[in-house]
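Please go over the structures that come below.
Two complexes follow with subunit A in common, the first pairing it with subunit B and the second with subunit C.
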Partner chain A sequence: MGRKLLLEHINVPGINTLEVYRQKGGYRSVEKALKQMTPEEIVEEVKKSGLRGRGGAGFPTGMKWGFLAKPEGVARYLVCNGDESEPGTFKDRYLMTYIPHALIEGMIVGSFALGAHVSYIYLRGEMMPQIRILEKAIAEAKAAGFLGKNILGTGYDLELYVQPGGGAYICGEETALLESLEGKRGNPRIKPPFPAIAGLYGCPTVVNNVESIAAVVPIINDGGEEYAKIGVGRSTGTKLISAGGNLKKPGVYEIELGLTCEEFVYSDEYCGGIANGKTLKAVVAGGSSVPILPNNLFFKTANGEARLMSYESLSDGGFATGTMLGSGGFIAYDEDQCIVRNTWNFTRFYHHESCGQCSPCREGTGWMEKVLHRLEHGHGKMSDIDLLVDVSKKIEGNTICPLGDAAAWPVASAIRHFRDEFEWHVTHPSEATTRNFGLAHYADPLPKKEETAA
Partner chain B sequence: MSDKHKVTIDGITVEVEAGTSILNAARQIGGDIVPPAMCYYSKLEGSGGKCRTCLVQVSKGSEKDPRPMPKLVASCRTTVMDGMEVKNITSPEVVEARKGVVEMLLLNHPLDCPVCDQAGECHLQDLGYEHGRAKTRYEFDRRTFEKVDLGDKIQLHMTRCILCYRCVFTADQITNTRLHGVLNRGDHSEISTYISKAIDNDFSGNVIDVCPVGALTDKTFRFKNRVWFTKPVQAHRDCDHEKCNGKVTLWYKGEEVIRVTARKDQYGEVEEFICNTCRFDKKQTSDWVIEAPTKISNKSVISSNHYDTMKPLPVVKTNPQLLEANKEQFERDTRL
Partner chain C sequence: MLRVEDTTEHAPVTFSAELIAKFDDVVSRYPQGKQKSALLPILHLVQAELGWVSPPAMDKVAEYLSIQPIEVYEVATFYTMYLLRPQGKFLFEVCRTGPCEIVGAGKIMDYIENKLGVKEGEVTPDGLFSWRGVECLAACGYGPVLQIGPEYTFYENLTEQSVDQLISDLKAKANN
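Here is the complex of A and B:
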């Protein structure tokens, strides 16, 4: 059994209430942090833990906290990013629904470490039940003296607010989130300045993912070094993976980083293999934005090593043969899934969610969607495939925020690894609308993999 | 530390104040190495960064940290560092990326230049000629919108809009109230007043001048003439609006003033914003004190019909000072 730090007590009845949460050792970290530690020591402990942001980019959390500007007389904010809207990712929602106090506990410790007296949890608008759950939990915590004025008699004041968004994926981008939180249109800001210097209302701000903040709790309880013992290399600790798609047991799993991909997919402790006795064709390992990989490249890296569920191992091989851990939105595709259709579907999402500020993303996402739609429905041309690659390159890296990249990568990688299937859609247009391409050679042992121009 | 920074753009070095953007440093050098800018407007705070036509490559970050920047950057929103080296037209990557951006900007653009009032002074048209492809690769229906009147003086033709946000910033910063903004998102975004409200305040007409394309046009000038058949003349009047100093460009056709705009520099930016009275209501030569013909680059189509010494404009013909200036300019502009 892998160690569980966040979901250890998830099955305890009533763990969503303060009372049961306290019985299981909840809010110990608040007492420890506020009474025995200085803010600097907490930041130091998080640095030692090696915790990396769980929101997608994997930026070391301790370092981010260390960068926060601390000018005299200016408020500082901690903002929790609960906008979770990436297709395939649903771990934050799970955590907030079943064990909301873990997030609130982390928010208190984090706010204390950063010197924030007002902190926000920004949730996407569709998460109405979670908003109620969190507000109830905040009220409980406040009644028990963990929030409000003079927390636990230490003289530290903190108000915590839940702010629902309007339900836009782009408001998960940290600067768009801040704009939205300020009540404006959720357009990403042009950086610099970074939020650590000028964030919410122009004040220094840290934006962290729900899971990153919750992970601070075990780090403070057991110490950063203890946390860093779990995992491999620079991927320390545990990570929530929301597994979906054609798996026997889809769901949210807490894994120790460094678990082999093989074990994650096939062991009964986790996903339990592919549903209905089928074969795995492809995997999106970290949410829709990361490059898709065929079966053979997912379990083994290009040089034949077993691939691990860790930041480094998943990105081994760069974009040519690797992918990314992203936000942990794991999607499995069996032999009956159509990659062209899936790519079109993802692109449809990015087209719908682009904020429309910068021209390559605004126009390019729509263009890609239309071309993919045509391919999927049997009206495509051979030249469309290279056109898609070219358009994705014109978007990638040329936009204000990473949504442009996130829209370009799934298309570029699908064509890189599944070009045969795209070509088959052009050469067999009517067949392509009635049956799927199938598994083909995508699960064959590696050396057979042909190199296609990307 | 000195507050001057040395920056090299396409091999040409210039010293600029700290805090200057790469784009403005390039404008100090001038010429071909100036990146095109469709959304940045020096008079509007916070503008820029959106259209991505001004992308450049930073091949050396600064003297202190010589690492190149990993991605192309928007030159309008990136400040220079001492010792920075920038590649614009000398970088194949930049040229390729810019071609891509121009293609994207034109993707949903109607290309209705033959019936567009902006033709001849449209930045998108210039950009397309200079950096675009001859043929589009886009084979789908283009996005279209109905034309809307924003009050009786301004017309919005959203189909042509490139969403540069300049008009939004103008309304925010120049007028007292902003009555329009961007609705929806992605390629459904549109400039709108939401409930078809008229835009009505003293400085609202300036959104016409800042619009780089024909999306916001002057209804009092609509379909009156092609800009290259008109002759721009600098003029001023004693305007009693406290924020307007009455310095404008009058656009003549024959003896008639058919349009009044603010004065624009070579990058299409107005020198000073003008009030709606000057713009829309003063269309008699007698309202104005004429100064001189407007200098027009000999590259612009607007200069094509102008400095015809044989048939100078009536208003020029009767004014010896203008006659002289006109001759001078004609000679200068036809020397090449």
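Here is the complex of A and C:
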């Protein structure tokens, strides 16, 4: 059994209440941080832990906290990113539903470390039930003296508020989130300035994912070094993986980073294998934005080494043969799934969610959607495949925010690894509308790497 | 409370004292002068009350927040949760994104369309139901899923039987 730092008590009845959460050691990190540590020591501890942002980009949290500007007399903010809209990702919702106090506790410690006196938890508006849960937890924490004025008699004041979004994936991008929190359309800002200098209301701001903030609790309780002992290399600690698609046991799992991909998919402790006795065809390992991999390349790197669930191992081979850990939104595709259809679906998503500020993203996602639609529906041409690659390249790197890249990568990777299937849609248009291409050779457990790596 | 069938595009709107008190509570969360931050939460409150956000309601919100009406319109039209025309009392928002699609979201949407007998975005003659496809709802492991506002209750692992059950439960609820 892997160690659990976030979900250890998930099955304890009443763990969503302050009382039971306290019985299980909850809010110890607040006592320790506020009474025995300076803000600098907390930041130092987070740096030592090696914790990397759990929202998708994997930026070291301690370093981000260290960058926060601290001009005299200017408010600073910690804003929690609970927008969770990346297809495949549903871990934050799970954590907040069942252990809301873990997030509140982390928010108090984080706010103290950054010198914030008002902090916001921004949740996607569809998470109304979670907003109610968190508001109740905040009220409980306040009544117990963990929030409000003069917390635990230390003189530190903090108010915590939950803010709903309005239904827009782009508001997960941190500067779009800040715009949204200011009551505006979610248009990402041009950076620099970065939020660490000018964020919410133009004040220095740190934006962190729900899971990153909750992970601060065990780091403060047990020390950064203890946390860093878990995992491999620069992938320290545990990670929540939300597993969906054609799995026997979809759900949210806390893994020690460095678990083998094989064990994650097939062992009964985690996903329990593929549903309905089917074979795994492809995997999207870290949310819809990361490159899709065929089964063989997911389990083994191009060098034939076992692939691990870690930042480094998943990205081994770059985009030619690797992918990314991303947000931990894991999607498994069985042999009956159509890669062209899935790519079209994702592209429709990005087109729908583009904020429209940059032409390459706004127009490019629309074109890709149209071309993929005609390929999927049997009206495609062979040249469409290269057209898609061309459009995706023109979006990539040419936009204000990374949504453009996020839209380009799934298309480029699907064609890179499943070109046969796209071609089959062109050569067999009527069949393509009635049956799927199936596995072809992609499910071969290796060594087909020369072909797929090309 | 205003009922959907009573609503016309430009019916004048008044906010109750209770609703205004809720607005005030939201505004108190932000620094002085940053009351515009309350816009998204307030539009949710308005929608929960009226069933949608009508143009006169948006104007009222602008007045309340001391901002220009256009600042409200541009937000209400940018975010997909705000309903710009009346919907059924129960709006089924069904996730249609990849992970749900591969576990049968498309079939469930077809089933809902047939069962309710209305196309996406249309309202059943009794005013009770409408439906639409929406993007990933962060419940991908439990697909197909749908949500129903204003509390955004989730219904997961949908099957034809569970959709039938849901519709008959909601009908019973509406007739009580």
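Observations, loosely collected:
Operating definition for what follows: the second predicted complex is superposed on the first by the 446 of 454 C-alpha atoms of A that agree within 3 Å, B and C clash if a C-alpha of one lies under 4 Å from a C-alpha of the other, contacts with A are read in each partner's own complex, and residues count from 1 in each chain.
Keep this in mind: contacts are C-beta pairs under 8 Å (C-beta built on N, C-alpha and C of every residue); 3 or more make two chains touch, one makes a residue touch a chain.
Because the structure is predicted, anything quoted here is derived from the model rather than measured.
Contacts of A:R185 after superposition on the shared chain: both subunit B and subunit C are touched.
Of the two partner chains, neither subunit B nor subunit C is touched by A:A320.
Of the two partner chains, subunit B and subunit C are each touched by A:H352.
By the touch criterion defined above, A:A168 lies against subunit B and subunit C together after alignment on the C-alpha atoms of chain A. Once the two complexes are laid over each other on the shared chain, residue contacts for A:I400 go to subunit B alone; subunit C is not touched. Between subunit B and subunit C, C touches the greater number of residues of subunit A.
In the superposed model, A:G125 lies in contact with subunit C only, and not with subunit B.
Of the two partner chains placed by superposition, A:A139 touches none, neither subunit B nor subunit C. Using the contact criterion defined above for the overlaid structures, shared-chain residue A:V74 touches neither subunit B nor subunit C, since it reaches no partner. In the superposed model, A:Q337 makes contact with subunit C only, not with subunit B.
Overlap of the subunit B and subunit C interfaces on subunit A: residues 168, 185, 352-353, 355. Residues 168, 170, 185, 190, 351-360, 362-367, 370, 387, 393-394, 397-400 of subunit A touch subunit B in their complex.
Listing the residues of subunit B that touch subunit A in their complex gives 48-53, 55, 71-72, 74, 77, 97, 100-101, 103-105, 107-108, 137-138, 140, 162-163, 165, 181-182, 184-189.
On subunit A, the positions that touch subunit C within their shared complex are 75, 84-90, 92-93, 118, 120, 124-129, 159, 161, 163-169, 180-186, 201, 242-246, 250-252, 284, 288, 329, 331, 333, 337, 341-342, 345-346, 349, 352-353, 355. Chain contact summary for the complex, subunit C toward subunit A: residues 29, 31, 34, 36-41, 43-44, 65, 67, 71, 74-75, 78-82, 96-99, 101-103, 134-143, 147, 149-154.
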